[in-house]
Amino acid sequence: MTSRISRDELAARIARDIPEGSYVNLGIGAPTLVSNFLPRDQEIILHTENGMLGMGEEPAPDQVDPDLINAGKLPVTELPGASYFHHADSFGMMRGGHVDVCVLGAFQVSERGDLANWSTGAPGSVPAVGGAMDLAVGAKQVFVMTDLLGKDGTSKLVAACSYPLTGVRCVTRVYTDHAVFDVGESGFVIRELFADNTRESLQALTGLSLTEGAS
Amino acid sequence: MFAIRTKVRLANILTMRLGGLGMISKVVPAVADAVAGVADGDTILVGGFGRAGQPVELIDALLAQGARDLTIVSNNAGNGDVGLAALLAEGRVRKMVCSFPRQADSHVFDALYRAGKVELELVPQGNLAERIRAAGAGIGAFFTPTGVGTVLAEGKETRSIDGRDYVLEYPIRAQFALISAFKGDRWGNLVYRKTARNFGPIMATAAAITVAQVDEIVELGVLDPETVVTPGIFVNRVVQVPERDWLRGGRFVGQQESAATGATA
Amino acid sequence: MFAIRTKVRLANILTMRLGGLGMISKVVPAVADAVAGVADGDTILVGGFGRAGQPVELIDALLAQGARDLTIVSNNAGNGDVGLAALLAEGRVRKMVCSFPRQADSHVFDALYRAGKVELELVPQGNLAERIRAAGAGIGAFFTPTGVGTVLAEGKETRSIDGRDYVLEYPIRAQFALISAFKGDRWGNLVYRKTARNFGPIMATAAAITVAQVDEIVELGVLDPETVVTPGIFVNRVVQVPERDWLRGGRFVGQQESAATGATA
Amino acid sequence: MTSRISRDELAARIARDIPEGSYVNLGIGAPTLVSNFLPRDQEIILHTENGMLGMGEEPAPDQVDPDLINAGKLPVTELPGASYFHHADSFGMMRGGHVDVCVLGAFQVSERGDLANWSTGAPGSVPAVGGAMDLAVGAKQVFVMTDLLGKDGTSKLVAACSYPLTGVRCVTRVYTDHAVFDVGESGFVIRELFADNTRESLQALTGLSLTEGAS
């Protein structure tokens, strides 16, 4: 049974939904993979929260510039047309609704679009939020990229988040390894099924009532 | 008169030359002078995002300076065992205000936090930036949508404005700001380099005394007025630190060593 | 591929060349295209302080475009009989939001105001700037000390914070922003020139559609990323207007005529 | 009887009280004169609200640049060390308390330091406030430069302003053609008398109880 697509396939799938000319912020971790699949013949402008638009690819090892990093603190490059700005301007850009799409990871997404992705609330863990809350409320569209199931097999799509929230009613769409879901008026709407997944199999996995929508 | 576009590598010579001539010079000869006056209990803004824009030499000078019971406002809570991590390890920091203390190599902070030996005020990164900016711009408080409905807004005033929910956040001001810039002049005008700009420009506005370490001090008039990022009005002290090895003659020189020493944080 | 650092004087040729190639181009061929879509009742941010940074050609295009019942947000309320003054004279403006409508040659506004034919919301200049910035930065409202205890704060919420009195002010957002910059590229990145920068960078952030007129459109990559003042994310349309006579080849050329035509406002 | 000093003399007097290295904003009108008397052998950095630090003198007529003006919309020049910034940054600079001194004109100044300088409240007048209110609350020290008496002979120093206020308790010191006054805890304190003025003559002119302080 091939019930899942790979992470690279998922990244490619997300990349296809990003219109040309978009301003896009890719969160730390898996969402960064999306940049590998953005069409080479189109211009999509990447924003990094630490003060840059027009971010390019990872540099060759002998061209790493310690002053040029992304939100994950990994080395990047600058494209022609890039610009630098300070943190208040960078987050004003996000909070002000100027970024078209951001792609974030998730621990949980609720039926009403609440996102939990910064803390498991586990005792003794050192909390760290970074720019996640700003991205969640700021971007015009908030895409989540995640496995449908956690390592323990429980669904990351939930009726209500049990983990501490990152943002309320902020997620637009969830791209999982099983299917793509829109956050609808009354719960998740299946937008696209991958492999042999069906509405029924996904309902069984998530324990949620799902509807199928025109994609 | 000074020759235009001549690099002044020896900051102490510059300072002496200007003494008594009725000219402003914010240039100080050494990092020890740059951090003079930090008192026990002070709040200090420390620039940088990861290692980019971190005022490494100024943090080391603060370490040597000795002030205790500090509140440090910085996006991260130190890397490895040097800089902020060393300051934390010495027990000199009472409280950290930051957005992302947990990093792959933040073991010093992590251990102190778990042991209850350092306070943490966790602030979403954009609220952190905006609160610092508010302090510098004389704004008493502001309503931000970030954090609404989360534990980081618990106990805070909220309000719905035009159908959107906001939380009220207050300025973060400090006695000192320690930042790192690329070039500066004797009036304190600064330019930065790439994503090392990050928190520097806003932190410069929010402290009673702003101290900038720079790779290079240039003559007044060399920085193009159109491209100055931090006007000198916000800066009190400028100190030149040794040129970073991967930045030769003010130009980035990509090389294998730099990839090994500075790439990840 | 494009030759780097080649000036593109004919914006319409540029646009055609880019069509269908999968490239972003915000360049529009003419000022009429630049102001297309302004609707009756819209709020429009108009850059400039006096005549510096005034988007003269865009205002003329708006005049020709015909939209009525406009709210114009601009520091001043027009000079002489042209530009905003002409728009006012045609009865197209329902309301002005500005800090300093009264100038030596603001007779058009003055007469309309005295006759009760135009509304005025007078805003202290710094609050005007901050309210525009707040709109662009997603801030719901902010407490400012400016205006406290004056008639311009009457009826507004006030609060004492840390012993200082503040008044709560709300964002000013708009359907359109019309601004003037010095150079722009097809991504909408902009740089300004001297004190003509004024309101342009903040207005660019606060409108649904931001339109910039520029003296020169340059190839992508010509503007130094460190010196871009308005990143293209804030800009929707860029239009090149004829070079100003006192700016030849992008350099200021001081001359007697310019003193006569552009010096006072 | 020489009871007054000239406007130029007053401008020169104010200039002497501005310490080297200060960041100074000179209001529109008479305060602009102060720049003519700033010592040439010292560096005092002028701020103009429309987005510049390091403002220089008026240019020669054949060097007027329409993009380079001051708050009064008059042509100026830029000094080495100058910088440009947008309006939100410029007023943040003032509101945030970074400008050391501003010099403003006045219609009235009250004993507790209230300033009225933007509107006479006359019916039919077109109100215009510009940056006056921001300067009044923002600068570390607010100096007022004014004639002591208005054209109708009434005192501009008053117990309480009758004109619409610009700012509350914001004025630090008042430089008039008759004397210099500090705003003290309980009213005006004479800091310096010009020509043949005395405490008694000034009390007669202003109708206020004045004290003499060590200057």
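Labels A, B, C and D are assigned to the chains in the order they are written; within every chain, residues are numbered from 1.
We adopt the following convention: a contact is a pair of C-beta atoms (placed from the backbone, for glycine too) under 8 Å apart; a residue touches a chain by one contact, two chains touch by 3 or more.
Everything numeric in this text was worked out from a predicted model, so none of it was measured.
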{"item": "Identity of the chain that, by mean CA position, is farthest from chain D", "value": "A"}
{"item": "Averaged-CA centre spacing for the pair chain C and chain A, given as whole angstrom", "value": "35"}
{"item": "Chain centre separation (chain A, chain B; CA means) in Å", "value": "30"}
{"item": "Chain A, residues touching no fewer than two other chains", "value": "52, 78, 84-85, 88, 91-92, 94-95, 137-138"}
{"item": "Chain B residues counted as touching two or more neighbouring chains", "value": "130, 133, 137-139, 144-145, 192-194, 225-226"}
{"item": "Interchain pairs in contact, sorted by label", "value": "A-B, A-C, B-C, B-D, C-D"}
{"item": "Touching residues (chain side chain B, partner chain C) in the complex", "value": "130, 134, 137-145, 159, 161-162, 164, 166, 170, 191-194, 224-227"}
{"item": "Chain D residues within the chain C interface of the complex", "value": "48-52, 59-70, 73-75, 78, 84-88, 90-92, 94-95, 114, 124-134, 137-138, 164-168"}
{"item": "List of chain C residues in touch with chain A within their complex", "value": "22-24, 133, 135-139, 185, 187, 189, 205, 220-221, 223, 225-226, 228, 231-234"}
{"item": "Interface residues, chain B side, partner chain A - complex", "value": "49-53, 75, 99-103, 106, 109-110, 113-114, 120, 122-130, 132-133, 144-152, 165, 192-202, 229, 244, 246, 252, 254-256, 258-259, 261-265"}
{"item": "Touch list for chain D against partner chain B, complex", "value": "20-21, 23, 39, 41-43, 45, 47, 52-54, 78, 80-85, 88, 91-99, 137-138"}
